[in-house]
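Structure below; questions to follow.
Naming follows writing order (A, B, C and D), and every chain is counted from residue 1.
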Amino acid sequence: MDTNILIEKREIMYRDALNEALKEEMARDDKVFIMGEGIAERGGSYKVTVGLLEQFGGKRVFDTPLSENGFTGAGIGAALTGMRPVVEILFIDFTMLILDQIVNQAAKFRFMSGNTARVPLVLRTQGGVGNGLAAQHSQSLEALFYHIPGLKLVMPSTPYDAKGLLKAAIRCDDPVIFIEHKLLYMNKGEVPEEEYIIPLGKADIKKDGSDLTIIAWSGMVPKVMEAVKILDGEGISAEIVDLRSLVPLDKMTIINSVKKTEHVLIVQEAVRRGGVGSDISSIIQEEAFDYLDSPVKILGGLNVPCPFNLNLEKLVIPQTDDIVRASKEAVYNK
Amino acid sequence: MKKNTRDFLVSLYTTMYKIRNFEEQAIKLYRDGYIRGYFHPYLGEEAIATGVCAAMDRKDYITSTHRGHGHCLAWGADLKIMFAELLGRENGFCKGLGGSMHIADYTKNNLGANGIVGSGAPLAVGAALGISIRKERQMVSSFVSDGSTCNGSFLESLNLASAWKLPLLFVIENNQYAVSTRIEDSTGEPELYKRGAGFGVESIRLDGNDVLEVYNTAKLYVKRCKNGEGPFLMECLTFRKSGHHVNDPGLYLPKEKVDHYKLHDPLLIGKKHLTELAGLSGKDILEIENMVMAEIKDAIDFAIKSPEMSEENFLKFVEEY
Amino acid sequence: MDTNILIEKREIMYRDALNEALKEEMARDDKVFIMGEGIAERGGSYKVTVGLLEQFGGKRVFDTPLSENGFTGAGIGAALTGMRPVVEILFIDFTMLILDQIVNQAAKFRFMSGNTARVPLVLRTQGGVGNGLAAQHSQSLEALFYHIPGLKLVMPSTPYDAKGLLKAAIRCDDPVIFIEHKLLYMNKGEVPEEEYIIPLGKADIKKDGSDLTIIAWSGMVPKVMEAVKILDGEGISAEIVDLRSLVPLDKMTIINSVKKTEHVLIVQEAVRRGGVGSDISSIIQEEAFDYLDSPVKILGGLNVPCPFNLNLEKLVIPQTDDIVRASKEAVYNK
Amino acid sequence: MKKNTRDFLVSLYTTMYKIRNFEEQAIKLYRDGYIRGYFHPYLGEEAIATGVCAAMDRKDYITSTHRGHGHCLAWGADLKIMFAELLGRENGFCKGLGGSMHIADYTKNNLGANGIVGSGAPLAVGAALGISIRKERQMVSSFVSDGSTCNGSFLESLNLASAWKLPLLFVIENNQYAVSTRIEDSTGEPELYKRGAGFGVESIRLDGNDVLEVYNTAKLYVKRCKNGEGPFLMECLTFRKSGHHVNDPGLYLPKEKVDHYKLHDPLLIGKKHLTELAGLSGKDILEIENMVMAEIKDAIDFAIKSPEMSEENFLKFVEEY
């Protein structure tokens, strides 16, 4: 028991948690393999795949040409024929090149085949705003995947969640879009040494509260945590629901929290218009209308691409003080 | 000549005739309202699927196109289950949810038709990649259309297969048209096999209406794929014996080409093989054809009598999706 | 005046209205050209481009190879350099092949260039369920475009709207995604002989009402019209707001109608999860919360791909009786 | 030798040196925190942009890559406005909203850098298509990277340009690596110009570090494009003189290649031209370099002093977007 406590205090980085998940699953199941640009010898742009090549060899860990559509489709074909590929697309922006394979192929096979085909593919990619990467490398495009039946969609915010969810994603028999956030890779958090899995579709209450439910995911969670500390100091007790997986969506946890707090703020990094937050708002509103004391508020990105200039970059997505302000508006119904 | 050669030629012709009669009967079913949606007949291209699939083992894999009935049949699909799928019945290959453009048999390594032109090719790369990772003695044939040779999905696949030295045979079914658009208007190089060299893929062009030529070439490439020498590309020159789909009269097809291919029909060529190489009589051939027709008639009766998925079953299906 | 009345009674098909718009704009401005698969000699799969080749010649009306990504990008490049291309993608499903060019290129240039570049491109495509075309030819994917800043998004439901909006789209200096519906092409409606333009961003009240606001667009509008007749017979007076353009969205017309009726039903053919309806719901809810007498209801497609079987196909998208039922639920708050 | 030859050789060297010094100074600015985001230096590849742009008229068009500074400079971009953009200032080419990966000058027919590898090629097809529709005597050069030759966006473009006989010159900058991945591991045919033949495009491979060779070849193709003989493809063999981006030390680059290209540096070759063909002395060359350095220093001073867009202006900008 003592060792257990010791082990549970281990803190590692988000990228290392992902790395552990890959290593464990590849060791467990030799059908798992990984491909992407610069993921083998170089270990990936964000160092998530470091050491895999050495441990599992070039047949199961290899670099691809810049043929995103082709190699994603290859992942799907391999998945259809008994393998369990993990495909990495460097930036979620580049997934715009692979949507035919994801939307028209991977997402559809199970249904179109009357359940005879399965596509156990994990598509790892990375999104969000940060460090002046400008309009083509700073998008948050989860809403596009969220709308497509047949895909699962996971967006972890902590090392613990990242590891447990990636393991679950690899074991899932349906295609999983697994979106990491470029600013989270170096964040540290507790990750136990012993194996664990987090089932897809379970939100996590990152903090209990009674006055306001704040719903967030991925890169916005750390910002919400900061904001909530400030709110605490001002006497507003906010509950943080980190969705972790958007599909399946944990409606029950959301609705229960809303029924308790009667006020809701959804914080999303993606542009406000047509984001996942809108859908969650519509669900809350349909399923908990009578509990709502004020409208479900959404704080999202501005409806523009991301500017290069670093100071302007900050203006287009929610910052901690925006969250504080919006929280008060949600609670005081302004 | 050897007995097995005779049997083999008969089996090739039987398959081709099966595809021919299947499509003709299915078109009637379409006209009678039994089949709906898009239906792209494989008429006139029978020799390609037949020759290539005959050269493969059934533990190998195929990917098909939007014009996919021929590949399914040549791979050996049960006629009853095929018709059932085309008619949208619950006992079809895809429980009636897929239809003509998505017909597939994953249990038998047939990765199926595809409604998106070119998008089957990356899947084939993936199946071949899996083989290469598992180090198995299998290969994949990917049927692709001439139109798809102008599309990135196919072109990236050609390069990936080559970069990764995969056991994959690309089979271009060059029927010279994409709906009404001539291949000459779609590309600066209408000899499509020439694409291969630019990616380091050994490539060849051949008469896609001569089933023996197709078979012999495929046989060689299938073997070489399994020996780790892949990928390869074979361009099979052919021509549609119909419009693009059931509702297209194909008026844009030039008369001289139509006439030429009437005489250069894969079934006529197949018959010639049977008489000249295997010594069959006209009567022998008629017997084969009658047998196939009877089988197809049975299959149609079966399909027509088969039930559709009930609303209740469907909603259950949806729930777990 | 007499002639005017006569002229205004002219009824033509949706596809002919589109054809007229193209002809008029091409005659007006020689920078306008059109390309797509089978659009020249063959006149397009839905006969929208019949006669253009003859009138404007092969330099301005031509067929493309099956290179959707490439020729869409070519449209964008032409637009960047002074032309006004109309690019046709046969099925909206195939736009999954061109999203890099649309999302990362066309939608971004104006912003990324600090307003020095403009992309006056119209992307015409066609979506929706109908006639057993199955999972890869029956999608309603407007939500994907709706979420991308920098794009306009138009989905007309009548011949009159189709013509006036296509003309406006061609004159617009930003990229416009113009989505037609496969079941509307043969529908007839009044279209005046004289020229007119419908500005983007104006919804149209297709019928006045006082008890319920039904918001719809594209292929759902005719179904809503049928449903509303039945509702009328049952004493429920529904107002139909046909959005016509989703971006820009005519919030004012929506909110005004909601304030009047206090009950809202949004009917969308796209799958319910993450559709445009969710966003409209979230907006209504944020901006007219105090007027709502019951939750904003969304009637959308089931979260599955479209089945091939025709009877099952009907189950996955809203039908007239579903709309009637949902309307009553919205009014009686069930 | 003719006076104009001398001037011309000087202008080529001046441009190459400008690119070299620009990148070196910009890297310093990056290290000092003035520049953020991705920065892919054009170091070692200066001869390509210089030779090609020198062969073109300024009413022609160019599209560039993620490694785009060289193309902008060779096209004639104002140094001040370029630095201003890299520093994210309001008086930059894109008001500071674009940055290194999106630098462009639409007013001058430079369609700009592109952060998506390969995606500039279709834009070039479009610019050339517009020319062809307007029947103007212009052409387009599309700079593309070796990595993009494995991508559908480029490959479809190659075919489209050929099918439509467009006045378009594809310039492959083959620096042999995509970040750390060798081109030999990305394709079955690393002699990339060979892609062209498969699409009916006349293609050539040449030394991309020799500015005269690049210029002479480009000159011919530019003219032939304008005569309606396009498209063409030239593969320019080159090598990065740095890591992939400013923060990549490029340790994976093999020493023998690095050493080889140290001696085969485009600027060394350019200097050789100046001394051997134009009779310039070392001192003459130093003068040119000093002049360029002074100009760049001025431009940097200008940029550093330039204001960023205010929050207020930005929000106004956003509103009308």
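Rule of thumb we're sticking to: contacts are C-beta pairs under 8 Å (C-beta built on N, C-alpha and C of every residue); 3 or more make two chains touch, one makes a residue touch a chain.
Just so we're clear, the structure is a prediction, and the values are computed from it rather than from any experiment.
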Common contacts of chain A and chain B? C, D
Could you state the distance in Å from the CA-based centre of chain B to that of chain D? 46
Distance-wise, how many Å sit between the C-alpha centres of chain A and chain D, to the nearest whole number? 37
Provide the C-alpha centroid distance between chain C and chain D, rounded to the nearest whole angstrom. 41
Would you mind pulling out the distance in Å between where the CA atoms of chain A average out and where those of chain C do? 31
Chain A: which residues touch two or more other chains? 64-65, 67, 69-70, 93-94, 97, 100, 104, 108, 111-112, 134-136, 149-150, 302-304, 307
Residues of chain B that touch two or more other chains sit at 94, 96-98, 102, 114-116, 150-153, 156, 159-160, 163, 185-187, 321
Chain contact topology (line, ring, star, complete or other): complete
For the chain D and chain A complex, residues of the former touching the latter: 36-38, 88-89, 94, 96-99, 101-102, 114-118, 147-148, 150-153, 178-181, 185-187, 252, 308-309, 311, 314-315, 318, 321
Report the residues of chain C in contact with chain D in the complex, numbered from low to high. 33, 59-60, 64-65, 67, 69-83, 85, 100-101, 104-105, 108, 110-117, 149-150
Touching residues of chain B toward chain D in the complex: what are they? 150-153, 155-156, 159-163, 165, 185-189, 194-201
Interface with chain C, chain A side, in the complex: residues 69, 93-94, 96-97, 99-100, 102-104, 107-108, 111-112, 134-136, 139, 141, 143-144, 146-147, 149-150, 247, 270-271, 273-279, 281-283, 285-286, 289, 294-298, 302-305, 307
Per the contact definition, I'd like the list of chain A residues that touch chain D in the complex. 37-38, 41-42, 63-70, 93-94, 97, 131-137, 302-304, 307-312, 315-316
